[in-house]
Structures are given as structure tokens and as C-alpha cells.
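Following this line, the structures themselves.
Each of the next two complexes has subunit A plus one other chain: subunit B in the first, subunit C in the second.
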Partner chain A sequence: MTMTQKTYSDLPAVVRLPLYGFAAVILALLIVPLAAALPIAFNAEPWFRYPLSGFSWRWFEQLLSSPLWRSAVVNSLIIAATTTVLATALGTLAAVALVNPRFRYRNAVMALAISPMVVPVVVLGLGLFICFSPLGLNYTYLGVVLAHTVLATPFVVVTVTATLTRFDFRLMQAAANLGAGKVMAFRTVMLPIISPGVAAGAVFAFAASFDEVVMVLFIAGPDQRTLPKQMFTGLREQLDPTIIAAAGLMIVLTGLLLAVLRFSTKKR
Partner chain B sequence: MRMKTAQADKAALDRGTVVRGCAVGAARGERMQAMRSALPALPLLVFLSCFLVLPLIFIFHTAISDREIADNLPETVAALQDWNGDGTPPPEVYAIFLGEIGKANERATLRQLGRRMGYQLDRGMNLIQKAGGVARSGAATDAAAARTALTDIDPAYAAPGIWTIVKQHGSPYSTFYLGWAAGFQTKLDKDGRPSMETGYDFRLFYLRTILISLAVTALTLVVGYPLAYVIATSRGWVGGLMLFCILLPFWTSLLVRTMSWIVVLQTNGVLNGVLTGIGAVTEPVTWLYTRTATILVMFQIQLPFTVLPMLGVMRAIPPSHVRAARSLGAGPIRAHFNVYFPQAVPGIAAGGLLTFVLCLGFYLTPALVGGASDQMISYFIARFTNEELNWGLASALSTLLVVGAGVCALPFARLISRHSSERK
Partner chain C sequence: MLITAAQQPPGHICLRGVSKSYDGETFIVRDLDLDIEKGEFLTLLGPSGSGKTTTLMMLAGFEYPTSGSIAFDGQAMHDRPPEKRDIGMVFQNYALFPHMSVAENVGYSLRVRGVDKAERDRRVADALRMVQLEQFAERKPAAMSGGQQQRVALARALVFEPRLVLMDEPLGALDKKLREDLQLEIRHIADKLDLTVVYVTHDQSEALTMSDRIAIFNDGKIQQIGTARDIYIRPANRFVASFVGDNNCLCAQVIAIDGDVVRARLPGGAVVSARQTQHARIGAAATISVRPEDLHFCGGEAEGVVKGRVCDVVYYGDQLRTHVELSDGALVVIKSSPGAAHAGTQVGAPVFLSWNAGQAWVLDPKQANQ
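Right, the complex of A and B next:
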């Protein structure tokens, strides 16, 4: 029985083998550039060829010792952390309303909430630049954080709404019957249960802000120079292995956050 | 008896009011609950109204605003209404113009006016600055002297070009920037004829943006469909590994991925190192800053965005359908295209649409791996905002981009959402 099923569902080998070969080549194309570029951050000489001329940490040392790069890392961390707090708070609250069937305009609000994912960032950057200029928010930390929050909130909204669709809302009724107010029930019942989703949203929001460069080009001044901005400037002028080291740092940091998240949710 | 019925009627009536009252109360309560259910979304709504909706409205407003002439030369505009556009306006207009230029000079808005004039008139900035010089010298005391002073300092003042522009742009709103962004000839020479100066060809830039986006979308669809099929039908660790290969780049920063391509493709890069190492080429090949590099890198970056929606739909297709078709005698290829493919169409459409819309707004990748002739419309928006400080034109370009993308995307998005709701 299983054998006949297999014969029916499988493509003939003439089609299947080239198809799998093709898939392997394309998947390699997705991974190979990254895999080829990142080890160069450990090259002893400022060359971009293999074999590496020797192993060294010099580009990472440069990244953390040069004042320009170090201040860029610090700025990125400050901006991304503040953005994460704002985006997570706004997005999580909104998600609670967006899964409530009583909320009549939730489709429209959902569309609005995730629209920053598809509106060209350059257009958003220009709009915020025009908007901020009478408010004096251009070239300030607050301006960059607000701009990044616009881009980061959709990730929180999507992640937390997905978590909330699996949430048992009878628990909220139970909390209400036991005398808890809405806020109390949210804080003590709903939030602890959906916290893995909220944490995942927060990690995505952090990554969205930590990677972002186009908004920074529009809104930030020289004092808010972030790590991606510093990388972008370097890529336009002269490629230097420090940029690859910075990319490595970004990947390690985001990867670490995701790993911590994965580990902590698995333990529950 | 009658009394009794009357009483009963009254009682019934009272009961009716009570019931109706209850209904009203319940309806109000429901409305209250509905409003309360929206309450948690309120902070985000306020936030997005301020920092998403308002900026987009500001962009549109800036695109149709054209204030410089209306603000600085209102009396000149009024005086020009009787002028029919032939030859030069009467000398009084020159005197009024010079007076207003003097006031603009005192308010320090002369530069803005000059810049605006320069957008539309050959040497416009220069003309306004010269007029500023005449106004400062204070030599022109009456109308005839004003006219002589202006036409002496620059013969362009004796031609109709500048006066036509002032007359036509006396309103604080105009379609000047939108027309410019849409590629219409907006620049005039001193006689009011189309200028010979070559400006930016924005139609070409929009066409390029659309063509590059279409090419990338087509590539991701053609390559992504078989890839998604293979991943969707694979089980176990192979399927997991393949999914990982899609998700890892999906979650890696766009900037980092573009950077990795620069490291690989640059003249002294990894690819040329390998090619010269194995003796395939003797001279390093130029890969970067070409159209091919732009499309290749954009394709590689967008592929996960196309594949993931396809994968979601394909995983929901029951394998029994293809098996049924096979058992009814269809060959494997025919069963695939008659049974499997039609069910995957909503995923293909969603992935393709997402990729196309995202490609229209690409900035980073073409700016870093493309040459001067590969830049898309976002590059020009950024350039006019940050370098040339022409916010009107940048806003007009943005307006056309967003409206165009919306018009392209909405019918498809409708179709896709209808299809996916039918599936449920």
C-alpha cells in the first residue's frame, strides 16, 4: 500500500534528480556569499582573497578600539534598545485589540500596522524628515528612535497576534470572574502566557533597528552615527575588513538573542 | 372590563418601554464594549497617525506646494494679470517686482526664491541674485528707471520667460513638481520656450525601476517555484536543512548580505581570486557596478521573500490530490500542472507581489552594487532630499512611486485575499 502511494506521489528520477540538484545550487547561492565573506574578518592582511594569509583578531580589535567604530556600536545599542521597548509596548497592546472579534475595524488597523513593511523606507524617511523639521527632531536620538519604532512595530504586531490566536480567552473570563480588572487580568494572566511571543517580537524589533540604515541616512546627524551607517559609508568609500568584522558582530549579536529566546522558551 | 383592558394595555405598554429600554441599554453596552475592545490599539493608532500617516500626507502636501513666488512676489503676480504674455510687461511691473525683491532680500528669503526660479528657468538663480543687487543699490527710483536697471543688468529681463513663470505660479499650490517628477518638460529658457538644458529623465528612472523589479520578480518566481516545491515535499533533516538555508538569509540584515556580495564580487574579491587561481581568467573581471550585479544581488536578497509565501500555500496542498490524479492515469508532469500548480497559485501570486512591491522601493543594494545607470527611483528621492535639498521634487517623486505601487498592488492584493479566503 505504502509502496503504491510512493510510486504515485513521486516524480520520476529523470525529473527528480535534476530538480534536487537545482535546489541545492540555489540554496548554496543563498548561503555561499555570506559564508565566503565572513571569515575574511579574521584575515591577517587587508586582502579579500582565499587562502587567508593568517589568523588574527586585528579587525575586531580595530572595531572596538577606534573611537568612530566604538561610538557607532554604542549608538546602535542605545537606539535599538529604546526602539525595542517602545515598539514592544505599542505592538503588544495593539495585538490584544487586533485579535478581539468585537473590534470592528481590526482588518483596517492591521493593514495600517503592518504597512511600514511594504512602504519604501526612503519615502518614510523623507516624510519623517519633513515632519520632524519644524519639531526639531531631526539629528536627535529621539527622532531616530521614533523612526525606527515605525519600522520595528510591525514585527511585534505580527508575532504577538500570531501568539494570541492560540491563547485561550476563557482564561480572561475566569480572571474577571475572580474579580480581576482588565489591566490586572492582562498583566497577571495574559502577559505571562504570551511572553514567549512578546519576547520573540522584541528580538525582531531589536534586529530591525540594529540593522537599519536608510532612516538613519535621513534623520540622524553625525552624533547619532550608528553601526550600519558607519558600514554603509565604508562600503561606499573603501572596503575594509573592519566592516566585515562589524557585520560579524551584528550577526553574532542577533543570533545570540535568538538563541537565548529559543532556549528560554524551550525550558518552559 | 374596558378599564381592565386599558390597565392591561398600560401595563403592556410599560413593559414594552422597559423591554425597549433594556434593548437600548444593551445596544449601548455593546457599543461601549466594542469601543473598549479598540482601546489597546489606541496608542499604536495615535503613534502611526503621527509618524506614518501624517508624514505621508506631508509628502503629498510638499509635492503640490509651490509657495516661493506666491509668498515673495504677490503684488508682481497681481500686476501681471493684465499682461497678455507678449513681449515684456509694462514698466510699473518692474518697479513692483524690484520693490518686492528688496523686501525678500531683507527677509532673507531671496535665496529660496532664486532656487525655485532656477528649477524652472535657465540661470534663474543668477537672475534673482542680480535683481537683489539692483534692489540693494537703490538706484531705481521710478518705473522707467527700474526697467532700465533690470534690463541693463541682464537682457533676460527684457524677455517674456521670467514674467510668464511668475504670472503662472502665483498660487501657493501647483502641479509643477508633480509634472517635473512625471518627466514633463518644465524648464524654460529666457524667451519662455522649452529649455535646451538637459535635465533628469525621470520617466527613464521610473521605467528602469519597473523593469529591474519585473526582472527580479520573474527570476525569483521561476527559480523559487521549483525550490519551494522541493522544500515543501521534503521531510526529515533534509527538509529542515533546506528550510534553514532559506530562513538564515531571511533573518540576516540586508546591509550585511549586500556587503557579502561586494566582498565576493569586487575586482580584488573572492570570486576573481578563485577564477584566477584555477586559471579560468588571467585578468580580474569587473563584476560590481553593473546591471547584472544589481539584478543578481536583488534576486538573491528577495528569493526568501518569494519562496516563504509559496511554501506556506504548498504545504497545505493535500498530497492525496496528486495521487488521485496519478491513479486516474495522469502522468507525473500532467498531474503536477493540472492538479498541484493551480492550488499553489495564491502562494505564487502573494510571493511575486510582495517581491515586486519591495523591489520598487529598493535603495541600499543598487546604491552599493549598481553603477550610475542602475540607480532606481529611491536613489533619486534620497539624493534630492539629502544632497540637493529639493524637497518638493523628492516629495513628488515619492508620491508617484507610492501611488503607482499602490495602484499596481491593490487589485492583485484583493484577488489574493479573496482566493485565500475561498480556500478557508
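Right, the complex of A and C next:
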């Protein structure tokens, strides 16, 4: 006897068509806002209005030539890159501890480690602002990086933990048996095997920092003005399509990172 | 005379009073004493949960004894981490590193020990030649068959010349034919390199064919330790008798001890003979154990003959197994050659069985929970 897998085309039309419709609505919700906003970055006139009055790269030129926008791009890249390194290292190490069944308080620590994902960012931002004041960390790069690391680490913890649940821990026993100490075994056996999960966590951490604005509003000074902060200011002060061009740049950068990640994990 | 570890020849491994418990109440291994000689192939055999794997894990250093000591050449070993023990191990399902090639897997122990590249390559090539895999050096483990992966695991465990090699049911995942080939191959390599091997299995035929000595585990204790022949022919107790090979275990009452021969009465009334062991006490219950191949059919009732009724005859090609129900309800199995005189016995027919007193043993009586 052979069993054939049922596919959607086997379903009756009464079930199938509403399902397709539902999927279409969800996809539209994701795509339409982008499709509506992004073309304005190429508008020849400084208006948020259709039809576009002509095609031009002027807002991208503005983005890269205006000192305000350019320093925002550079700040965002520096802060996001540093945050990624810190969050990836901390999150990966935390995940290794959190999957160890001998770690007695793992559930409590796990809840704490991912709490920045559920606690409102405004509350975290205010709390950090209060804590950073006596330490002199407000209005510094280090302060912004630490704040973003708090937000980004849970993404790494979650993705690496998910990867580690499929990791065969007897490989670590095998490494120890062959003479490798804990650090050596982690570096040569565990890390290469879980690296797709670590890389995915790193991309999420980068994205979390790169488009973060609430923490920046609390912690950053004028020298740490990031791209989202500049966009926020632009919305209120001098509304022009540079904001959309900046958003386009952010989407392209994050998209590129995701593409690199996919490519590098497929190659294995 | 008390022999201290320092007087033993080099390579001696000594376990004294080793116990392991996770909760302080139930012991997985209890008060274990075991000596392993240099160059010996020792198999730990027992049902699952008998403590054999835990003992292996304590030797490897993945578990620490709750009490007792493990010493190599008189040097305490039980509290050292696994990476400082210099013990090779072949894991169940191999535990090969999936991201490394076969050569990288085998060379891993040399790499972490800082052996230089030329020396490493030479020793890896030697190890792969030994397991006949030299042409697979650049493959990833996932692209190899189970038997080949097993050989890689073996080469990886041997390449750094460990002082002890542990094997945890290494052939469990392979089919019967391949398993038998690899049993011989492992045994040959162990002999050639004069390895000290501790091998864990629950497969008794594997234990009987490979080992110099076998330790039978049950309930966290070694029930008997000795050569395959010792254990098969002279089981020390009822558990060993029924675990190793097929054995007929009959409940009986000891009525007389006459030098080397014990007379005992079966519940059905027949008086039978068996060899004396430490278990026989006049008037006490005991077990009479007889191998199926040592039971014979005989003509009629006489001294030492047991009556029964055939309830099944099973043909195995090279042998015939006749299942007989004795008059007291006990079931026994007789192994005989298919050409024997009684081969035509019908199910339901009455038969008479006997055995030589020298081939039956008096063992400990059946426990309530057995």
C-alpha cells in the first residue's frame, strides 16, 4: 500500500480559496507598507505624495553628503557592530549554561535572560538611564552599546539555545576523552557545529541594535546620534524623503546580512 | 598476603570499594572491587541498569564515584577530569565529530596534545591503515557506512596510544554479519597492540567470543568474574546460570550431601544428583541448573530420572530444541542434534530425562522477586 501526501490542491475549493485569501492578506500586510513608502526615496520633489514627480538619487546623495546623516550612519554601524560582538559572545555563553541539565536554576535564569524581550523598552531605558547616571555612562558610546547589548542578547540566547537542543553532547565527552580541556572542546567541537545558530543570533542582534531608537533617546547624547534617532528627529523638524532613503539603506544592509547568513549555512 | 598496587606489574588498574549513587539511597554500583591487568580484554556483561555502563563512565571520568577509589599503577585516578586520564574510548553510536574529516577526527587527540603536523599525519595514516580506511581520510563521517564509522571511532581511540581503551557497546548499531566481522577485527587489533580493553555489552555471545575475562553484572554488583569457559561451565549463582547461555533452573530441596555429589528432591518427587557448591545445605531449598545440551532422553524410570511430557519441538536447522513440562509443572528445554533417536517424538508424548551429576550444579534458591 502506498500513501500519498495530501497537498493543498486536494482540498475542496470552499476550504482552499479562503485559505489562499487569508495567506494573501497576511502577505499584503507585510509588503504593502514597504511598497507604498520605499518608492518615495526616489522622488524628485521633497513631497510624500503620489504620483512621483520624477526619478532621482538626490535623497541618497543627501544621506551620504549631509554631515548629520553621514555621522548617524557611521554611529549606527559602530554601535551595532560592537553590540553584535558583545551580545553574541554573552548570549552564546549563556545558552551553553542554560541547556545544561545540571544547572539547577536554569529556568529562572532563562526567564531573566530573555526578559528584555518582554519588558517595555521605555522601562528598561529609564532604568538604565538612572543606573548609568552615577557611573557617567549616559551620553557615551559605551553606555549606548551596553544598553543595546541588554536588548540584543536575548535574541542570541534564544537562537543558540534552539540550536543546542539538537547538539549531541556526547561529542563534548568524546573531545574530553581525547584530551581536550573545556575551552578547547568548546572552540574546536561545539562552536563550529552550532555556528549557524550563533550567526543567526548575531544577525538578529545587529538588526535589534541597528533600528533601535528608544534606548538611544534615553542614553545617547548628541555625539551618539544614530540613524533611527536622526530619522525620528527628521520626522519632526525637516520632513523630506531622506528618511525613506535611510530606511531603504537599513533594509538593504540587514537583508544583505541575512543573505550572507543563508549562503554561508547552505554551503556546509 | 596483602598485595599493594605498587607491587603490581605496570599498566595495572585497580578499583576498590567503588560505589555510585545519585540520591544517596539507591546505588547503581555498590562496593565494587575489580583488578584489570595490562593487556587484558575484560568484558562487563549484564542487563541494562546493572551498573556496567556506570562503571565504564567512572573509568572514563564522565562520572565520579560516590565512594571508593580507582587507581592506575597505584596512582589515584578517580578525581581526575576525563581529559587528564589518557584513556581511549569508543562510544556507542561512535560520537564522531561531524564537521571534521576522518583524518581530522583521528588526529584530534594529537592536535590537542600539540603533536607537530608531520608526526600527526604519519600517525593518523598508520591508524587509518590499521582499520583499512586509508583511502577515506578526506571523507566526512556522514558519508560513510555504520561499519566504517565504527572503524574511524576505533582508530581515533587508539591513535594516541592510551593506557586503557574503553568500548561502550560499540557494535550495538550494526547488523549481525558486520558485527561478527568487527568482533574478530577488534580482538586482532587488541592482541597485536597489546591493548588493555574494557568492553561493555549486553550481548552474551559477543562477550563469550571476545574476552579474556568476563565480569557478569547485576544489581550494581559483579556476580561472577572469570574466563568465558569458567562462567559458562561453572556459573556461580542462579543469575549467572540463567543470564549466560540457556540454562534449565529447577527448584529443589537438598536431602543429602555425599562428598562431591548432592542429592536433591524435585517438587514432583524425583530425586536427582548435582555437583556440590557453596550453596548446598541439607534440608534447604536450592536451584539445580543443567544446560539444555547436557540433558538426555532415556528409556524409562530409574534412579535420577525425571518424567515429563513434550509440549513443543522446535527445529533450528543445526539443532532441535524439545520443550518438556515436568510432572511438577516446571519447564525445561533439551538441545539435541536433529538426527538423534528421539527426533520423531510427538507433542504430548511422555518422556524420561536424565543428566550426569557432574554436569549439573547446585545454586542459590529462587528468590521471591525472580
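Everything that follows uses one rule, which is that the second predicted complex is superposed on the first by the 240 of 268 C-alpha atoms of A that agree within 3 Å, B and C clash if a C-alpha of one lies under 4 Å from a C-alpha of the other, contacts with A are read in each partner's own complex, and residues count from 1 in each chain.
One rule holds in what follows: contacts are C-beta pairs under 8 Å (C-beta built on N, C-alpha and C of every residue); 3 or more make two chains touch, one makes a residue touch a chain.
Since we're looking at a predicted model, the values are computed, not measured.
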So in the superposed three-chain picture, is A:Pro192 touching just subunit B, just subunit C, both, or none of them (first/second/both/neither)?
second
If you stack the two complexes on chain A, which partner ends up touching A:Ala176: first (subunit B), second (subunit C), both, or neither?
second
Contact-wise, after the overlay, does A:Gly91 reach subunit B, subunit C, both or neither (first, second, both, neither)?
first
Considering only the touch criterion stated at the top, classify A:Phe232 as touching first (subunit B), second (subunit C), both, or neither.
first
Touch test for A:Gly54: subunit B only (first), subunit C only (second), both, or neither?
neither
Return first, second, both or neither, reflecting whether A:Ile40 touches subunit B, subunit C, both chains, or no partner chain.
first
Which superposed partner A:Pro67 touches (first subunit B, second subunit C, both, neither)
neither
Could you tell me which stretches of subunit A are touched by subunit B in one complex and by subunit C in the other?
none
Subunit A partner, complex, touching residues on subunit B are 33-34, 37-41, 43-45, 47-48, 51-56, 58-59, 62, 223, 226-227, 229-231, 242, 245-246, 248-249, 251-264, 266, 268-270, 272-274, 277, 300, 303-304, 319, 322-323, 326-327, 332-333, 336, 354, 357-358, 360-361, 363-364, 367-368, 378, 381-382, 385-386, 391, 394-395, 398, 401-402, 405, 409
List the residues on subunit A that touch subunit C in their complex, please.
168, 170-171, 173-181, 184-185, 188-189, 192-193, 268
Which residues, counting only subunit C, touch subunit A once they are in their complex?
60-62, 81-83, 86-89, 91, 93, 95-99, 108-109, 112-113, 156-157, 160
Can you list the residues on subunit A that touch subunit B in the complex?
5, 8-12, 15, 19-20, 22-23, 26-27, 29-34, 36-38, 40, 47-50, 89-91, 93-94, 96-98, 100, 102-106, 109, 112-113, 115-116, 118-131, 146-147, 149-150, 153, 157, 207, 210-211, 213-214, 217-218, 228, 231-232, 235-236, 239, 243-244, 247, 250-251, 254, 258
